[in-house]
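Input: one structure, supplied below.
Chain nomenclature is as follows: A, B and C, assigned in order of appearance, with residue numbering initiated at 1 for each chain independently.
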Amino acid sequence: MQQVSQRRPNRAAAFLTSRKVVPYVFVAPFVIYFLLIYLYPTVSTVMMSFQRIDGPTTSEWIGLKNYQKLFSRNFIQALETSTRYAIWDVIVLTIVPLLFAVLLHSGLVKGSAFFKSLFFIPALTSIIVAGIVFRLAFGTQDTAPVNVLMTALGGQPRQWLMFADSGNFVLIVMTLWRWMGVNIIYYLSGIQAIPNDLYEAAEIDGANPIQKFFKVTLPGIRPVLIYVITITVLGGFAMFTESVALWQQSNPGGIGRTIVGYLYQVGITKANMGMASAVGLTLLALVLVVNLIQLVLMGFFRKEDA
Amino acid sequence: MKKLLAVLLTLALMLGMCSALAEEEPIKLTLWTFQELHTQLYKEMEASWNANPDNPKIEIDMQVYPYDDMHSKLTLALQSGEGAPDIVDIEINQFANYLKGDIQLADINDIVEPIKDKLVMSRFNNYAKDGKYYGIDHHIGATIMFYNTEILEAAGINYQDIKTWDDYHEAGKVVLEKTGKPMCTWESADCWSIYPLVNQHGGDWLTPEGEVRMDEPVVVNTLAFMKSMLDDGTAVACPGGNHHSEEYYGAMGSGAFASVSMPFWYLNRFTDYMPDLSGKMKVAPMPLWPDGGHKSAQMGGTGTAVVKTSANVDIAKQWLAYATLSFEGCVKTWTILGFDPIMTEVYGAPEMKEPNKFFDYYGDDIFDMLKTVLDDIPDTCISEYFPTASDIVKSQMAYDLVIGGGDPETIAKNCAQELRDAIE
Amino acid sequence: MKMRKHINKRKATLSFLATALMIIWACVAMLPFVFMFCSSLKPGEEMLRKGLSLSIEPGVSSFSNYNALNTYRDGIYWQWYKSSVIIMVLQTVIGLFFGSMVGYGLAMYNFKGRNLIFTLVLVVMMIPFEILLLPLYRMLIRAKLVDNYFGVILPYLVPPFMIFFFRQYVLGLPKELLEAGRIDGCTDYGVFFRIMVPIMIPAFGAMTILSGMNSWNNLLWPMIVLSTNEKFTIPIGMGTTITPYGNAYDVLMPGAVMAVVPIIIIYLCAQKTFIAGLTAGSVKG
């Protein structure tokens, strides 16, 4: 008896530490979590997208009808809004924070630790209040702060939040304001992991700072860069909170409605869960495809360890 | 003897149990709202209900949620058949969403019908389907005019002389010429300018049967009138897009515009957000349309409903009737919430005349003015597709008219088409 | 000699420009916060009167609004605060533990099914959360986790974005460390906890910040799970002051300021640890 009870943990321990099993133990939490928490809702969502749901007890299979009715004017407009936003979001939020991160790491900036903390504050600020601030700053009147600035610089005052393009501009400014610090931290974590001897070797080869950036820094942070771009593409298409904070209840010309906003309106407000599931799955497909293209372009699948 | 004793004992026991039952815990009800203010009324009405020994004791667990999310939470709870409260405040623009398919709200005809004559019934039709009432509103929401008398006087105009919308427009021209200030603002991203005017004019977005009315001549004419004011500058686009934006409060509060038409509940926006205009603002009935229509339009609101799956539907209904449909409750609707109560007989009550911040701000004649319009307020048709119609008005009609400067007939046609497409 | 002087001068100019750029952005970043703070000292109508004003006026400005946080609905604000902190700490600690583990496993080992699992991670990450609400809510009810903090963190126990980030981060680390650790007699778990985790500290820093921030600002799901007002988090509570019929600016502004200040203080304190960690991380270089 005693022997067995002594042996068992050993055998279990031996099993758990065997080279074949170890990787699975590491990834087990995700697998369990996926099976327990995400599998049912995901399957259920796919099923709902082929159903009409009226109340807790009534649901009816309607085949592809939800998908056929998908491309309404509102959906297409929301798709345009989200796509326009996502494109600018990726361009601005990948490049600008990278520049800042490199500068902060270069030693050129005095008090870089101070700035790092400061840039991070917007991420903690209530988005509702940020919405009020940006709404007032980009107000419709000629006396609104940004319009005053525009006039002083010799430009024309605008009704910023009333048109799709300028509204998108304000959203991008707000997103940059909010996420800059976070993206800087991502990049810095990547830059800091680059071994110093790589830079030293480049210096010996006579590389100037710009060459060093392209030859050492950029390849060095490629995994992190891929992460940032993927997350930003996703964040761009799934944006919802920022536009709600900015426009609140009003929605001039429908320009404040993003795909997720539309999904929310259809599914939750109008209780049409079937249609909302179809919208959501379409969005998922879109984000997957865009990210796939992006990952191929970034050479994600070229080497095993991208 | 023994038998008698046994009987007596049993009786005593039963009596004891009865009294124990009577002493039992209060009935627990859950109430959801998105307006913290409403809980002040509910709490008072809960206390006075429990003060009456004839009533079964109740204990209401009141939870305040953010506006949008409360409705999401309610939808999820009703869709999954669990987790819903007993009583819930549902905003008027959202209400129709809960009257679809298998209705999860309890009908309240038994508490409304006996006192029908005392109530402004058009308010109940907003929350009704197939002859059954599902929600009780706190107020009428009669649309009225708010005039900045300081500006009008500077232009030599007495607001009481404005009887029709044409008078209003003419007065606007004088105001613009003399003071350089627009007469009013039209919302470009919401429905509080267009809908009351259309409704007062005799129009609506839908018929009760669900037919689209958005491109009827009355809508086109109303839009044309609004556009004519935009064209000569007597009306301008509302700063911030709607009359609830911080930018508008700031501009209106600093005396940038001479007037605004909003529902009665807008009274406290002025008192709370535009204190500088105290004593300068006057309320008045809406101007009339020369070609017919009504004296006012009922706008906005919150329908308080009882959820069908509640374990205590009856007691919830009784308390709700007491809180919102009793004389006492309706008086408190004014004194606590500052709304125009749905029971017409309370308007003469002395309690309604007690001084408060509204009388200080606007003068004493608020209700004398309001009483003149109460007899002619049209129904609004809040049917299944109302939320969709409302959304089209907010995001398309108002925008195309005020920002896009489009032709009223084309706008009405496009929007109507949009609505028809959505219904299909 | 001349040359070096020239380089130094150029470096000084660059340094000046870079610092100037940082200062400009710092001003932009702080502007809404400063506005929030100035407004929180004034009555709500004052903010509407002046618009975007960055002034503190003697006589008008006072901390009395902050007292409103203590009195507003019997000081419920501080209970929201407590909830937010509890949820943030739980969610971040659990998420970091599992996220780093799975991400490390996916990056360090080559095993059958690895790509499938990683693809699943990416797909789960990209599913719009809003469409999962109804089925998740149904599960929640069945698990009796409604109005429970654990229900709030349930969908975030093993966060896919963390797995993704840690995986990407570990890819950049030398794999020889694992072999070296094994030769020293460590089990693979020992290698992870004793050797790798300290090296991964910059990644932990980034993820702590992101997870904390996500949790602190999360509105939709906590709102669906929590029913009792006292259990609400700050964003939900603040959300109740915003309605289509008017906003309670008097509570909103000081509430928003109070929601940030302590976090900044904690962050500034923790930053020292992070910086220490950052240097530790670069030792291997």
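Just so we're on the same page, a contact is a pair of C-beta atoms (placed from the backbone, for glycine too) under 8 Å apart; a residue touches a chain by one contact, two chains touch by 3 or more.
The structure displayed is predicted, hence computed values, not measured ones.
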> With chains as vertices joined when they touch, what's the shape: line, ring, star, complete or other?
Replying inline: complete
>> Can you check which chain pair, A-C or A-B, has more C-beta pairs in contact?
In response: A-C
>> What's the distance between the Cα centroids of chain A and chain B, rounded to whole Å?
In response: 39
> chain A to chain C: how many Å between their CA centres?
Replying inline: 14
>> Give me the residue numbers in chain C that touch at least two other chains, ranges are fine.
In response: 51, 133-134, 219, 239, 242, 244
> Which residues of chain A are in contact with two or more other chains?
Replying inline: 136, 139, 144, 248-249, 264, 268, 273
> Of all the residues in chain B, which ones touch at least 2 other chains?
Replying inline: 72, 76, 79-80, 244, 246-247
> What residues of chain B sit close enough to touch chain A in their complex?
Replying inline: 68, 71-72, 75-76, 78-81, 94, 97-98, 100-104, 187-190, 237, 239-242, 244-247, 251, 387-388, 391, 394-396, 398-400, 403-404, 418, 421-422
> Can you name the residues of chain A that touch chain B in the complex?
Replying inline: 53-58, 72-73, 132, 135-136, 139-141, 144, 159, 161-162, 244, 247-254, 257, 264-265, 268-271, 273
>> Per the contact definition, I'd like the list of chain B residues that touch chain C in the complex.
In response: 34-36, 63-67, 69, 72-73, 76-77, 79-80, 82-83, 91, 244, 246-247, 249-250, 253-254, 265, 268-269, 272-276, 300
>> So in the complex, the part of chain A that touches chain C is made up of which residues?
In response: 17, 19-20, 22-27, 29-31, 33-34, 37-38, 40-42, 44-45, 48, 100, 103-104, 106, 108-113, 115-130, 133-134, 136-137, 139, 143-145, 177, 180-182, 185-186, 188-190, 192-197, 220, 223-224, 226-227, 230-231, 234, 238, 240-241, 248-249, 260, 263-264, 267-268, 273, 276-277, 279-281, 283-284, 287-288, 291, 304-306
>> Using the touch definition from the top, list the residues of chain C that touch chain A in their complex.
In response: 11, 14-15, 18-19, 21-22, 25-26, 28-33, 35-36, 51-52, 98, 101-102, 104-111, 114, 117, 120-128, 130-136, 139, 154-155, 157-158, 160-161, 163-165, 168-169, 171-173, 187-189, 192, 202-203, 205-206, 209-210, 213, 216-217, 219, 234-235, 238-239, 242, 244, 252-253, 255-256, 259-260, 263-264, 267-268, 271, 275, 278, 281-282, 284-285
